[in-house]
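I've put the structures underneath this note.
Okay, so chain A shows up in both of these, paired with chain B first and chain C after.
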Partner chain A sequence: MLNTPNFTLAEFMTVVPAAVLIVGAIVLMLSEVFLSTANRTYMAVVGLVASAVAGLFALNNAFEPARLVLQGFAVLDPFSSFMTVMVCLGTGLACLLASGFLKHRNAERGEFYALMLFAAAGMSLLAASNEFITLFINLEVLSVATYALTAFLRRGPRPAEAGFKYFILGAFAAALLLYGAALLYGATGTTRLSDLATALPGAMATRSGLVYAGFGLVLAGFAFKVAAVPFHMWTPDVYEGAPTPVTALMSVGVKAAAFVALVRTFLALTHGLDPQVPFALFSLLALLTMVAGNLLAMPQRNVKRMLAYSSIAHAGYLLLGVTALFVPPSAKAGDAGGVLAATPLLAAGAVNASVYKGILFYLLGYTVTSIGAFGTLAAIERREDETRGNTWDLERLSGLAQRQPGWAAAMAAFMLSLAGVPPTVGFLGKLFLFSAAVDAGLIWLAVVGVLSSVAGTYYYLRVVVYMFMRPAPADAPAPFRHWTTEVALVASAIATVALGIVPGPVAEWLSRAGMVFGN
Partner chain B sequence: MNAELVLFWLFAVGTIGSAVGVIFVRNPVASAMSLVASFFFLAGIYVLLWAHTIAVLQVLVYAGAIMVLFLFVIMLLSLTDTGPIAHVSPSRIAGALATAGLLVALVMAFRKLPSSDTVSWASDAGQLATFGTIKQLGAVLYTQWLFPFEAVSLLLLVAIVGAVVVAKARV
Partner chain C sequence: MPVVPTVNYLILAAALFCVGMLGVLIRRNALVVFMCIELMLNAANLTFLAFARERGDVTGHISPFFIIAVAAAEAAVGLAIVISVFRNRGTVNIEEIQSMKH
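Take a look at the complex of A and B:
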């Protein structure tokens, strides 16, 4: 009588990377209990190995044909698999960064790495989720892990404040998302995204109010997670208060996973709606996020806050890519003026493939660059500074080129990449993304994006100026050196420059990302 | 007026009455106890809706576990019952207006519902015999909803580890 599901072994491939990460996390938790060695550097290595193995499994999945698995609750497609690869890359590097950072503070514990791996598992599962309840649960897995990581170090009031703020606002945003999903369930009778896509046109005819309310609430919930303006208020405080390696993981992993889930959700939710509505909403979000992120970053003297605002601006560029997916097919060239005018130059299918590639390559570039930038900050940041108010002031970077020429060169590469200057990966990412947006017809929005990123160059280059052209202060503290930190910084610096010069094979792989399930 | 309707009014009035008590009783412990009563009446409404499992979970989880936590917090903080219950401030007026708006919206939504129930005790007894039982819930949960169910186990593990990390002595 029981309707027993008939799983094939191949269906579980989509959860294998997450399973590897979870096993790694459990090993780390148990080793904290049973191995009482004082030197805990091996924990970072365990975290790195688990991330690397999971990343290899995900890379293998990326070359599988896109399909629905596990009774339609998850998908196995190149888009989510490549995202998992990037999350694993970011997690591995963040584990290495955390090792030196925590050792310096006598706070290295197995739980820290375990929570990082749990967060990565949540991200990987979130990217593969194809059903609202699953999506919500996996979003909570990654959120709960990052809430705890944010409050991991409690020195002074700032980490506790950041953790609490993140928790309260994150729970509120999750509730919005859940409420929106409930309304959509009320309108259509299903929570599976692929069924929603078929049921929505019918529901729009009878209960359009419910559908629009659900759509708006789900969008607001996601906008909070990707830190889009006007849902960005929490970002600077949380990014500043969290331990710097955790900030690095948040800025790359949480954001990347939320973007993939957002794209997948709205590919389904836009069925049956007036195409102008999602297009206008996403255009507005992208416009506000790009412009406000860059303008707010400009006056910041605190480099960590500046990078937090910069991550908002980068979310704006990615939203520009997302907007390109929702350009209405019937938009006429002369019909709408101004920023929202859409004049597609290519057929929609060809454009979408290049947009997916652009989004993924941009995320990859942002992953290695942002990990490197926050990592350099984490390496310079001294424990003694924690009682002072200006831990991350620009002054702390003065004369870094004389004190630590290698680190200063790496940080300069990261700043140039964030600004989008060739020959770095940040330039190529922006090139792919903006050219895809122009192909989709978003010429004015792309122009705004380019202009705002030019404005952003100001605050990125200011960091370079301080490092290379200001004398070092007399009381500049010697940095705490640890081989794990240096490995992570060297790896991300090489990736930042190498991917900018020879993107070849990687960009080729990411072209497969156009095979998104349900597209 | 049949038995179902009598029970419904009993539970509905009980739920709302004890919920009002939560707000207007001055003593925090009495307020928490009033919330327990509200949860019990709500469980009765779930039974009337054929959601037996939800009713049992309501009593076990909310009236049991969560209320014990509430009482712990009240006792640990040793809250006293001083201070006025109602004082008018702009945010309260805004809150009251928002609540009134929500009430109006809900009333309008419920007025649009079909007037008669589509299932009844008498005619659909066969269908209702298994609806909402533990057995049927388990069958759906462990077959159809297997993947989210397993994801919840991961969520609980992460929540436990996270809670311990946040609550431990400072590192």
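Take a look at the complex of A and C:
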């Protein structure tokens, strides 16, 4: 007898954005085979349209009430839907950036955009996964697509080397996560996160060793994916070697999706555990990642590598937000009473809602800023420099304000936003995130975060100094201009500044993200 | 016939996982490292199956099928990348694949 589950049509809403992205990817692959035209700019437009349609579906989902769908294998909640919107935004902009970049290198092919859309579909589904095997499959869908994208350019040794490192460490991390999931399955008899949350307190009594081992392995797997120190070694090499539009997509999409999956997983896994354990682990990861990311970025003269380390630092700030979700009840009451006596103590629910909003707004700000920063680098890097290894040296940016005033202004906005200087979206993101952390009682960790981000200002402003205060070298080559690149840069520059001045409606929407299923 | 207790399977799986993890961290040949990762995935498969058998639960029996399929897809892309590294450098020794140190 076959036991077929009864699904209602509304349950499939959670997978519609991913389905749209996959259809777009298939169209691109078919058009690569059957449409023989030399000009492939239309492919970037197809990628942009698919991302935009998927993003609109996801935005529609974001106003649905949070609930379990598809027999508890997935969730439909504002948190994951907003993440999908950001992934679609990032993918659309990265497609536009890729068009000019690939054209300059005679490497524009349909499969590049198709892989980007497949990766985006994986990210969208990863954010909605509520079961370990589903989570693992979606993690691999996005990872396998990004491995291939990283090694896409076959000229020169770097892309292959970066793809290789990414592949080995990514597969290693996935295996750690999977073995952890298997141990948790052994302890509780389920792989669904919502059932795990109910079964864990009972399992702690009988098989606490399995639970702790599984918890640690899953955490290590996720820490690799979000590039938290000390699991960050792959990041600079992979970010440097990958084609710059792919680096942009990796720094925003992969990381954002992994963060949402991490939050969802650990909200379930911390049930029944001693609350001090996850709190201590996340505090330590956040502290190390914030400080080490900023310190390692400082000596870098290679701007692309500097941005890679800076993305580690930004993962640290996000981990600070994640830590705020796992503050044990006693510490919260104690700190807020002692140090913040003047601040009215918010209820735990209100704190969590502001933390989710902080995390999402920060991810949104980082998405537009990082796409813009890597996009400007992609626009000014010269194919001829690739073999010499100084493609992204600071000197390449000197005098950009005279050569390309528009690009220099945009890059300055992105750098200020990354540094967290008002009136940019990076400042507001940090403000929301750090104030949510302080409300949760993480005062010292938030202080370390602010201090390390002040230290980070040094290497961001150095880029601005080179662009505006150094003379342009006499032999500065003319940049390769392409309308899609300019559109992407203008769009992200406007978003970076506009969201920093009037965050109003967007921040209002993101407040709904407090509706995370199971919380 | 005596039934093999679950813990024996778990010890075997844990041993496979540790061998795989040490291999990834120590070995220098890219293909061997790659095989070690497969070993880790199979340790997870064995763990799922051992617990599924103990509990008589079907979820754990199905999981390895998905994991094997995903591992196959990953192997296809991974081997392609290894070939592209070999074409570029004529070696798959990890210590020689280090052109981006600063």
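One rule holds in what follows: the second predicted complex is superposed on the first by the 505 of 519 C-alpha atoms of A that agree within 3 Å, B and C clash if a C-alpha of one lies under 4 Å from a C-alpha of the other, contacts with A are read in each partner's own complex, and residues count from 1 in each chain.
Definition applied: a residue touches a chain if its C-beta (ideal position, glycine included) is under 8 Å from a C-beta of that chain, and two chains touch if they have at least 3 such contacts.
These figures come from a predicted structure and were not determined experimentally.
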Can A:E32 be said to touch chain B (first), chain C (second), both, or neither? neither
Does the superposition put A:L178 against chain B (first), chain C (second), both, or neither? second
What is the contact status of A:R154 with respect to chain B (first) and chain C (second): first, second, both, or neither? both
Looking at the overlay, what does A:G189 touch: chain B (first), chain C (second), both, or neither? second
Determine, under the contact definition given at the top, whether A:N138 touches first (chain B), second (chain C), both, or neither. first
Which partner does A:D77 reach: the first (chain B), the second (chain C), both, or neither? neither
First, second, both or neither for A:D439, with chain B first and chain C second: neither
In the superposed arrangement, which partner chain does A:E111 touch: chain B (first), chain C (second), both, or neither? first
Contacts of A:A121 with chain B and chain C, given as first, second, both or neither: first
Intersection of chain A interface sets (partners chain B, chain C): 133, 137, 140, 144, 147-148, 151, 154, 163
Residues on chain A engaged by chain B in the complex (per definition of touch): 2-5, 22, 29, 70-71, 73-74, 105-107, 109, 111-112, 114-115, 118, 121-122, 125, 131, 133-134, 137-138, 140-141, 144-145, 147-149, 151-155, 163
Going by the contact rule at the top, pick out the chain A residues touching chain C in the complex. 133, 136-137, 140, 143-144, 147-148, 151, 154, 156-158, 160-165, 167-168, 171-172, 174-176, 178-179, 181-183, 185-186, 189-191, 236-237, 240-241, 300, 302, 305, 389
In the complex of these two chains, what residues of chain C are touching chain A? 10, 13, 17, 20-21, 24, 30, 33-34, 37, 40-41, 43-45, 47-48, 50-51, 54-55, 57, 59-60, 62-63, 66-67, 70, 73-74, 77-78, 80-82, 84-85, 87-89, 97, 99-100, 102
In the complex, chain B residues that touch chain A: 139, 143-148, 151-152, 154-155, 157-159, 161-166, 170-171
